[in-house]
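Scrolling down, you'll hit the structures one after another.
Next, two complexes with chain A in common: one pairs it with chain B, the other with chain C.
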Partner chain A sequence: MKAASFDLAYPVDLAEATALLARADSRALAGGQSLGPMLNFRLVRPSLLVPIAGLAALRGVEETAQSVTIGACVTHAAIADGLVPDIGLNVLARVAEGIAYRAVRNRGTIGGSLCHADPAADWPTTLTALGADALTSRGRRIPMQNFIRGAFQTALQPGELLVAVAVPKLGAGARWGYVKACRKPGEFAHAMAAVLIDGAVRRAVIGATGGAPQMVGDAMPGGLPGVVLARALAEAG
Partner chain B sequence: MTKTTHGIGHSVPRKEDDRYLRGRGEFIADIALPGAQNLAFVRSPVAHARLRGIRLPPGAAGRIFTAADLIGVQPITAISALPGFKRSDQPVLASGKVRYVGEAIAVCVAPTRAEAEDLAEQAEPEFDELPPVVDMLEARKPGAALVHEHWGDNVFLETVVEADLDAIRAAAAIVVRRRLRTARQCMSPLEGRGVVAVWDRRLEQLVLHTSTQMPHIVRSGLAECLGLDEGRVRVVAPDVGGGFGYKGILLPEEVVAGWLAKKLGHPVRWIEDRREQLTGNADCREHFYDIAAYADADGKLLALEAEATVDAGAYSIYPFSACLEAAQIASILPGPYTMQAYRCRTWSAATNKPPILPYRGVARAGVCYAMETIMDAIAHEAGIEPHEARLRNLVPAEAMPFDNITQKHFDSGDYPECLRRAVAAIDIPTVRRRQAAQIDTKTLVGVGLSIFCEQAAHGTSVYAGWGIPMVPGFEQAVARLTPDGGLELRVGIQSHGQGLETTLAQVGHEILGIPIDRIMVVHGDTALTPYSTGTWGSRCAVMAGGAVASACTELAGRIAAIGAHLLQAAPETVRVGRDVVASATASVAIADVARTWYRRPQDLPAGVAGSGLEVTSGYKPVRDSGTFSYAAHACIVEIDTDLGGVKILDYVIVEDGGVLLNPMIVDGQVAGGTAQGIGTALLEEMPFDEQGQPLASTLAEYSLPGATEMPKLRIFHMETPSPYSTFGQKGIGEGGAIGPPAAIANAVNDALRPLGVAIHELPITPARLLAALAR
Partner chain C sequence: MTVNGAGVTASVEPRTHLADFLRESMLLTGTHLGCEHGVCGACTVLIDGAPARACIAFAAACDGVFVTTIEGLEDDPVMARLRAAFTAEHALQCGYCTPGMLVTARDIVLRLPDADEARVRLELAGNLCRCTGYVGIVRAILRVLAEAPAPDVVAPQPLPRATFALPVAEPVVPVLPGGEVLAQRLRIAAPLAAVWAAVQNPALIAECVPGARLTLQDGPNIAGDLALALGPMKARFAGRAEVTFGPGHLAQVRGEGRDALSGTRLTADATVALQADRDATVMELQVRYSLRGPLAQFARSAVVAAFAAEIAETVGKNLAARLTGTAPPVARRMGLGRLVLSVVRRWLFSLLS
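What follows is the complex of A and B.
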């Protein structure tokens, strides 16, 4: 399968990118690891593709005492390789390392993963559990819980780009558990659960549900989600 | 002749790997011909329908072709002479009816594949939908919709092996019965199929490059379908990136591309994509067994009784036909065991699914799974270890050669010893201790075995009986000494991963002693190589190896005659080997012999080696009923009962492939096959919905084994020479894929036994395991 024809316009900066993306029927192209297959299967047929992976404004990493802010176009591989400062417990690198396999991680980006919002993807669930915020090109700061709206749905408006994610650092003594059920390593998960216990914060999130990641309240879910959640809780200790 | 380190029995590094590992192979998609246009096929979105017509977009003339355009092109027809076989004609582009999702309806021609797909999107076939027949057991029931109406039912072929079991049934202390199912799979070589076709105006010849295992068979099939003399067709197989049987058939796409190249006068190119491969083209293996065994109280097998159905899909494929798989089941189900009586009925059912193709270990992986499941059942009833039950029933070494109950002629070997070695290598006592000490059921451990034999390189006497379009006879090879003393070996088989460019060179080296890097193996081109049925059925080491040996031996005689003259010795006193001709006192290099004959003939008296230094030789083994390699697989698995995962903790293989031409290559074959067998056991499945829609259209849904699913294999060898092949070698190309489903399923069921559940369907996915555990 080959993509239907489209135009390609490389922006020089974020302003030009958002200007180009104002055109109806346009799409941002980050690592292409989700968009590429969708184009080839002709599930999407944008008339204009705007590659953003090279934009410096989307590739930066910033560390403060409270958080680490990661540009949307930072790749899974860069995070797995420790090129992004640790928020604690090496959590981000461990999550990144478990995404797909190296060839996909080399191109796939943290922002692309969030914007694609596949319920079975790793970042939506884990970053929700970590209490991260999405920062957009319109200056909005959106908690991850509100950013992912449903399966393949986000809070972004047409023409709006995700610029970065800000992830709070973990406190001393924080504990983390993350478990996926997949038939083999590198596959999308059939069930996943992430657990963060950090001071007053006690968050458990299950993913791969068919919708947005779900915060777990007092009731344990049943079935496979319950199994992975129990394991994630055990991992977090 | 002294042995060198490059002859038979040495792990010579593969000659072809240099280009493969550096990414310099030339595969079908690498062939760029000037002016080539790309093809995309319009494929049926429905499984069963009458095709009323096709609405084409404006400007389609000369760019979109349908069955109506292919005047004079014959359908692909693969008959079998087995009595009762019903023939199917597979139109290369559907006409009248479509019979499976993915069947080609029209072909689009454009400068790029993307543009060809743009065209394909605009072609609108019009259907009157018919109820589809999706399940093979439903297909056999009266009143089922008919895939081929004029047949009156959906059975390509029914086979019957009758026996009177009444007395045994009445006397048997142990009676066990199982119903077993194996999934439809898709063969998935790294490289899909592809065709680049061009009409050579000078030779008035169709030159069709195709990713195939059998260039000469494709040539015959193409000539028949296109109505051309075979001389007007040349088939070239470049580097082929894996086949496993997937490339052992004549493709509708090959016929269409050949017709277009001649019609349009410019080259055309079709490179299959993964979705075409998965959804429409690569189906294989889908068996259902209802199998029963009768044994005495000690577990000694008295009789075996089975009914087996194979889902053969919509058409009979060329050249192997739609009945090979099921008819094979009838003849090989008894496996390596002795018994007094055997009854078996099989059906090759037609359904609205893609035709099934023969896959590595044709029918054997399913058969081994059925037979070895029943062996475990007998062991359990007899209260003995599974290996004990097998040892009581295997053909003993003293009985070799042995004609079994279906008249298979086992040529040699010690089956019980093979099993004993596997049992010695795997740690059964520890598994039993862990099982006894198990306190909860969160993780369960189990051990499983399988043992089987693999008939290979079987020839005329076996295939004449099937009566299919291809019956292998003498295998040919050409050995040519070049003027500078190098050796060219030309063979009609196709090396597509088996390392034959190396092993056949080793055979040439063994006989002539010409250095291995000066031996070139030429294959994959009907213009350059002698006729052969190609690479399938684990036949090449025996057949092409034997043919190369006989051609080189004959060539050695001619070299000796020239050498004797140069040495002033009597021809019967000289010997050829180690790259020289030697008399008792002196020697002359083969290169000097070559130089003299080609370039200084004036130095030779008239009549010396008048037939030249290029020999074509034909070869058949002493007996052509096949070599029988065999192997025992043993594995330990751990089941995660929360998530339904199966982890292989240890995997042992004891294999007897006779004399190994190149042990490293044999290990590679065994390991690769075992990976595929693990896929059959645990991962691979092409499901269909009730409408006949294939549900795995990408590799995200069709789960293949990868590096992380491979346990560390421990492979051990026995080397019982075959009495019938040139060097005692046996075919072993398929065995790796045969043993794992049975061994792994037995291990899983061994682990599940404390819970009183068992799984009788492959693959054993987490969903199936969790469902079984919930029972």
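What follows is the complex of A and C.
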């Protein structure tokens, strides 16, 4: 199908982008790999699309001793290709490599995936397990657990843009497991779970639910709720 | 933008996707359209040198990019080897997927010179072929990989270094586990004492819920069934619940049910709180529920919320009518066309927000 009519307004900088996105019925267009299909299916019919993938303020990376901060419009392919500094165990590249297909990874962005907040997407679950924070255009630093509020719902306000994601580096001896169940490589997962064991931090997160990723707890669960979580735990060792 | 090396300036509707622009305006019909939602890979072209779906990129959003279609790769040395290998290995029949397959195959040869069969198959997962069974395509790509080393590829551009402000993080307020939460607030035109008495009478409540039937009442335990219809989806949940009453006009209902037809399971935990509002009563209803099984695939949370809002409104009206002695409104069965329209509209809006 073809998308319904919409207007397109190119912002020159972040300030203009947020001003445009404060308009009713507007929608940011990052890589468009989820929004594009939904527009073509006419499941979404915004009156205004604001392409943000070209904004320099959203494309950089910063590495400090504690964390790696990734601009919202950095693509999955760039992360998979190791262009983003490693937080440890090559975790980010391993997650990015498993997202959809290469042609989709070349365009799709980490920030776009988070803001779209499809429960079956990879980043909402894995970045929740990694304890990442969302940095917004209003100067807010929102823990990932607060950021994803439900299926296709985030904590962003109208006119507020996700600028970057700050991911804490892993400590020595950290262990990580991430498993998703797909009938075919690249399709949306039917079930997924991520496990991080890093010093005092022990997190298990279940994704691809009907809502936000579910944190099992900062303690290892006594029982294993499901075979996917069990496999993620096994992978983490 | 630049298409196959030539600069192109055009005025297009924002909704025109890149593949339509290439085919209809540039007459580059080598780019094929299959699914038009980014799954089949037939429309794969190079955008700034990297494979991308032309059907979900909008032409107007491709300002300034470099597009290379299958036509633009005619003289590409890797593509020449791939064409020969596709011919030798019988890697095409109808040819519909072939342009997209070739663009992806070229990316595999250039980016993964050490790929084995498993890796080639994995990389091809985003390009669907309905004729060949992929065997010939995989063989053709492996043949090119084995023939000679690929020419040196330009390494990907490093990302620019940036500095981001890192303020103090907001305190964690996790979304509660255990399913979806649904909150309803109803104003019932009857005094608190009467509504409280009604709430403690499951038989009366059941009469006010369209499609509900009470089959057992034994102390705090009740059993019954509830018929629901949502568009083409119909269900009859049979189950049991435990109802407890606390001080402060608070009632708690814990129950579970199953739809025999679809095998869908529903568990719910509801709190009902009453408060006087002059001559009327405000009822606050909070339900935490989870659906498991086939119906859960379609009954997305926003759909259920809209549906439940309609039911609650009807229950409130019926209850008020019973308590004030007026004739109850028509106890219409839930799930008529009117309802489906409003539900679908709300669902679509919720996807937007």
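Note that in this section the second predicted complex is superposed on the first by the 228 of 237 C-alpha atoms of A that agree within 3 Å, B and C clash if a C-alpha of one lies under 4 Å from a C-alpha of the other, contacts with A are read in each partner's own complex, and residues count from 1 in each chain.
Rule of thumb we're sticking to: a contact is a pair of C-beta atoms (placed from the backbone, for glycine too) under 8 Å apart; a residue touches a chain by one contact, two chains touch by 3 or more.
Computed from a prediction, not measured in an experiment: that's the story for all the values here.
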With both complexes overlaid on chain A, does A:Met1 touch chain B (first), chain C (second), both or neither?
both
Is A:Arg102 touching anything from chain B or chain C once the two structures are fitted on A? First, second, both or neither.
second
Once the structures are superposed on A, label A:Arg59 by its partner contacts, choosing first (chain B), second (chain C), both or neither.
second
After lining up the shared chain so the two structures overlap, which partner does A:Pro37 touch, if you call chain B first and chain C second: first, second, both or neither?
both
Touching partner for A:Arg138 - first (chain B), second (chain C), both, neither:
neither
Counting touched residues of chain A, say whether chain B or chain C comes out ahead.
C
A:Arg202 contacts which: chain B (first), chain C (second), both, neither?
neither
Now for A:Lys184: first (chain B), second (chain C), both, or neither, which partner does it touch?
both
If I apply the document's touch criterion, which positions on chain A are contacted by chain B in one structure and by chain C in the other?
1-5, 37, 41, 184-186
Interfacial residue positions of chain B with respect to chain A in the complex
112-114, 117-118, 121, 273, 275, 642-643, 645, 683, 698, 700, 703, 705-706, 708-709, 765-766, 770
In their complex, what parts of chain C are in touch with chain A?
13-15, 17, 20, 36-39, 41, 44, 47, 50-53, 55-58, 60-61, 63, 104, 107, 111, 122-123, 125-127, 156, 158-175, 177, 179-180, 290-291, 296, 300-302, 348, 350-353
Complex interface listing, chain A residues touching chain B
1-5, 37, 41-42, 181, 183-188, 190, 224, 227-228, 231
So, in the complex, the side of chain A touching chain C is made of residues 1-8, 10, 25, 27, 29, 32-33, 36-41, 43-46, 49, 51, 56-57, 59-62, 67, 69, 71, 74, 77-78, 81, 83-84, 100-104, 106-107, 133, 135, 139-143, 145-146, 148-153, 163-164, 166, 184-186, 210-212, 214-215
